[in-house]
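Listed next: structures, encoded as structure tokens.
In the two complexes that follow, chain A is the common piece, with chain B as its partner first and chain C second.
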Partner chain A sequence: MGQLVVNGLALGSIYALVALGLLMIFNTVQIVNFAQGQLLMLGAFIGITGAVTHELPISLAWLATILAMALIGVMFMLLVYFPLRGRPPFLVVLTTIAMGIVLENLALIIWGPLPVSLPSPVRGAPLRFAGVVVSMHQVAIFGTLAVILLLQFLLLTKTRFGILMQATAQDLHTARLVGIAVNRTIAVAFALGAVLSGIAGLLVAPLFLAEPTMGGSLGLKGFVVSVIGGFGNLSGAVIGGMFLGLIETFGARYISSDFRDAYAFIVMVAFLTAWPRGLLGEKASEKV
Partner chain B sequence: MWRNNNFHGGLAAACLLAALSSEAWADAANCPAQIALGLTTALTGNLALLGTQARNGVEFAVDDINAAGGIAGKKLQLSTEDTGASSTDALNAMNRIIEGKPLVIFGSMISPHVFAQTESATKSETPFLVGATNAKVTAQGSKWLFRSHVHDGQLATLIPEYLVKTLHKTKPGIMAVADDYGLGASKGIQAALATLNVLPVAVTSYAPSDKDMSAQLLEIKDKGADSLILFGRPADVTLVMKQMGDLGIKVTTIGNSSLVAQTTLNNLSAAEADGGLAIGGMIPQTSTDAKILDWTKRVQEKYKVPADNFTVSYYDTVYLLKSIIEKVGCDKGAIRDALAATRDWKGLLISYQADSAGDLAHTLGIYRNKGKTPELIGSIKEAGY
Partner chain C sequence: MNKTVAMACACLVALAMPLAIRDDYIIQLVNIGILNAIVVLGLNFVTGWTGQINFGQAAFYGLGAYATAIATKAGLPWIVTPVLSVALVLVAALILGLPTLRLRTYYLAMTTIGFGEIIRLIIVYWEPVTGGTSGLRAIPPISVFGVSPHGLIQHYYLLLATLALATLIAIRIRRSALGRAMIATRGSEIAAEQSGVDTTRTKLLAFMIGAVYAGLAGCLYASSIRFVSPDSFSGVQAVLLMTMLIVGGMGSITGSIAGALALTFLPELLRFLGQWYLVLYGLGVIAVIVLMPGGLASMMAMIAPRRGAQR
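Here is the complex of A and B:
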């Protein structure tokens, strides 16, 4: 039982990391980026290229990945968001789905179909207590999630830039009229959203290997988690992630492993129907 | 005098050989200048790792044959269509290939795709050579379909037998990928265990996109399994074996060739891989034959992907086709008849023999990982072969 809880929470933390990247963009431009999972995949492969192919120290590979992902985030905005700005949101959302497919196939061409492992940034014997094993990498995932949640919260609520982002999200035209550099704000939001996905990719690859199609399922789970937590709410995303991780793990153990993926979507539909605001957020049906 | 007789004897033998040889090539000489072959396989999507092995095997053989002068001087021309991961796309890919009027079509190892394509291939009256492992693939009643890889029906019988009779394990847990391939095998394994009076302590599965299999592994552990029968693809089998190591689960693990595939072992530590057993299509890495090892190295160098059991079987299939075209020429019906009459045709690692259903492969390898190195324990033949 204890092991299931630990593994469920570790899995949920990964979903929460994906959701935090998703929300960084959503909280600025009100667009759900369905290519967030593929950005995660890119982060994993860029990390592998640095740490495995070019044998860089893992810290340097992480740094290079974070910088590359920031750049990719800005390019993503220029290619996907800017050309369709002002058009119906569903067009942008559809384009993010298309871009996800493009990124997946691009990764297949560049890195090939082989699954590859990335070394963990932390080493050491796993922690053991009462028959429960917690690997150091799982500890690193919990720690990274906590730090990112805190930093993101501080950025959005305690910094001038965070307030600019919120203003941009609430009314883009008014924000521009009052002198906010809207384009720069949006660019930073996309860059940070991609960086968060990249970090999630760097943490996922040592656990689950990296392969070009890894992002599809994780991206969707990130979306589900956001709905459960309450779309737009950072703490809700983390709680939603943990909740979903536990539901999947316990469902697979005690109900049936055949429907593990289905649990996520059953829970999402249940929330949208009975509790559309999610655990801590606004009404999801208005947001999506 | 003796020397003279010997000379004449040799000359006669040479003439006979030349005559036989030219007779053998006489039909092939009537083939078009470019012999068109078609291939549909998954090159994108989440089945790309599997699908590229078919492409690598066929393409490598075609390149080798063309580099050696082709078939009776006629070059092979391969057209490839990507099926992606969808059966609908697989059918569309097949229809595009058929429009090119190929002499022979190679299908992939992905059974749902082959099921979707068989009717079109059959209607076009073109030999359809596949590696798809669902036992029912050759039971569709198509006289044009042949399979050059061992199938799940064979594995589902042999793995439980080996586990119970040789390894003396009587409390197995089963874990399989939840798709046509894995679930079909899981059912077959449960039926085979039942005939051995063994009931699995847990039967679990995971979705092809699943990354965390710890819940299933903990169930198997909690229910006291003394062994694990694992059926999956290299990527997910790697995760299962890694997670077994993380959770400290140490039971005899036996499954399909994915357990000993190089693509699996590359991502495991020696401790995680050690002791894993597999029964399945023959893999080239364990061969002691220098030619096979050189072939394996050349495939790796060209495609940056290690050759596996599928690469071998697709490569063999093209050479089998070459030997048939040399005998019967480029008539589709004659090629089909010759495929159906295949007897003891020697491929890279095994001999092929057609049965009445169209299955050509009946020999499987038994492997065990010593650290990260797979070792061939022995080969095993399907009953009757």
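Here is the complex of A and C:
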């Protein structure tokens, strides 16, 4: 029982990380990136190429992945968002989906369909108390989530750049009018969003195996988790992540593991029916 | 070239097609293309006219197909299956649409993706009834009070007639108050509400009409192709149906049909590309959205410019 709670929270932290990346982009341009899961998959495979294929030290592989993901995030923005700025947002949703298909199949061509494993960034004996085993990797997951949540909070509220992002999110045109380099701000938001999902990928790969088709369901769960927490709300996303992680872990144990991917959507529909603004409330209302 | 003449030519070509083409494989592919066209016409109500992203169309298609397959294999007469399929998809559309259509665009997109995944899981794991991943074979044929179409060509004409009917209904709805409400909702929900349009009701109706199109196409799919498997109604298929609409031209009836037919054949022609096909396919979709938002329909309009063009 206690073990299931720990495993559920670790899984939930991964979902929360995916959601934080999703919200980094959403809170700046009001676009839901449907390829967030595929970016995560890329992060996992770039890490594997570094740490397993080229036998780099794991810290170096992480660094390389983070840099690569920042670059990929900017290219992603230039291809998928930039040409469609000012056009109806649902067109961007469609291009992100198409980009997800491109990335997934490129990965299949480059890395092949077989699942591969990535070593954890931390080593050491698991912690044990009262019969509950917490692996060092799970500790690393919790730690990473806490650090990223803190950094993201500080970035958005305490730095000049965070203020620029908030201004861009509130009103792109006025932001441009008062001299904010809107396009650069948006590019950085995409870069950070891609880095966050890359880190989530680096943490997922040691837990399950990495395969090119892993992105779809993880990306969707990042969305579900955001809906549960209140779309746009960072702490809500973390709470939502934990909630979904627990539901999936317990559901897989006590109801059926075949349907574990279905719980997320049932929970989401339930939330949309009962609390459409999520646990902590939606951040922004629809713009006119 | 005048619009009526073009329509007449298209009808003549469609009617004469089986005389010129004797290849069973191609006729079967055309039949599937027509079924896809009906589903995409349904999608056009929701996405093309009302501006809502719906990835549940493949699941509704599958729901109709599997309901028909299971019911007729259990011995029910064929005539009840269209009713059964429509009833099932309407219930599903209400469950999905009621909570999500009041909210932002993304919610319907995500919920319908999730719905598609749930339907796929049920098909795959409820093996005694659905046949699991290997699907259901030897589904009883269409039979209306003992009369059945025989062979691919008779099925072709039956499906063609259904497509014609589906097109006529779509044209009628587009010209009705409901059709105008859909276009207004796509343009701006706030402006539409200001003009007295009940946008939630409009979106829900569009979503349900689309689901009915898909459910009926699924019903015909099961009993004319006579084989169903989960692959035909997967998430990939949902994206493909959306692509047919985008490439054909969102909001255009002729575009929907042209897109569905073109993209039913394209994968067969480009089979030699293997995995690269899907990479190019994704990039192609982005290129169409960015460079040619009107799709094939806008190209056709460029070739034959006409005054008072209707979308």
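Please note the rule applied: the second predicted complex is superposed on the first by the 281 of 288 C-alpha atoms of A that agree within 3 Å, B and C clash if a C-alpha of one lies under 4 Å from a C-alpha of the other, contacts with A are read in each partner's own complex, and residues count from 1 in each chain.
Just so we're on the same page, a residue touches a chain if its C-beta (ideal position, glycine included) is under 8 Å from a C-beta of that chain, and two chains touch if they have at least 3 such contacts.
Owing to the predicted nature of the structure, the values given are computational and were not obtained by experimental measurement.
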item: First (chain B), second (chain C), both or neither touched by A:179; value: neither
item: Touched partner set for A:4, first chain B, second chain C, both or neither; value: first
item: Which superposed partner A:273 touches (first chain B, second chain C, both, neither); value: second
item: Partner chain(s) touched by A:265 [first = chain B, second = chain C, both, neither]; value: second
item: Partner chain in contact with A:211 - chain B first, chain C second, else both or neither; value: first
item: First (chain B), second (chain C), both or neither touched by A:105; value: both
item: Contacts of A:86 with chain B and chain C, given as first, second, both or neither; value: neither
item: Dominant contact partner of chain A by residue count, chain C or chain B; value: C
item: Footprint overlap on chain A, where chain B in one structure and chain C in the other make contact; value: 104-105, 108, 216-217, 258, 261
item: Residues on chain C engaged by chain A in the complex (per definition of touch); value: 51, 53, 95-96, 98-100, 102-107, 109-111, 113-115, 117-118, 121, 125, 190, 235, 239, 242-243, 246, 275-276, 278-279, 281-283, 285-286, 289-290, 293
item: Of all residues in chain B, those that touch chain A in their complex; value: 44-46, 48-49, 52, 178, 204-207, 209-212, 214-216, 218-219, 234-235, 238-239, 246-248, 263, 266-267, 304-305
item: Contacting residues of chain A [partner chain C, same complex]; value: 32, 34, 79-80, 83-84, 87-91, 93-95, 97-102, 104-106, 108-109, 216-217, 220, 223-224, 227, 231, 258-259, 261-262, 264-266, 268-269, 272-273, 276, 286, 288
item: Residues of chain A touching chain B in the complex; value: 3-4, 7, 11, 104-105, 108, 112-117, 126, 133, 135, 204, 207-209, 211-214, 216-218, 248-250, 252-253, 257-258, 260-261
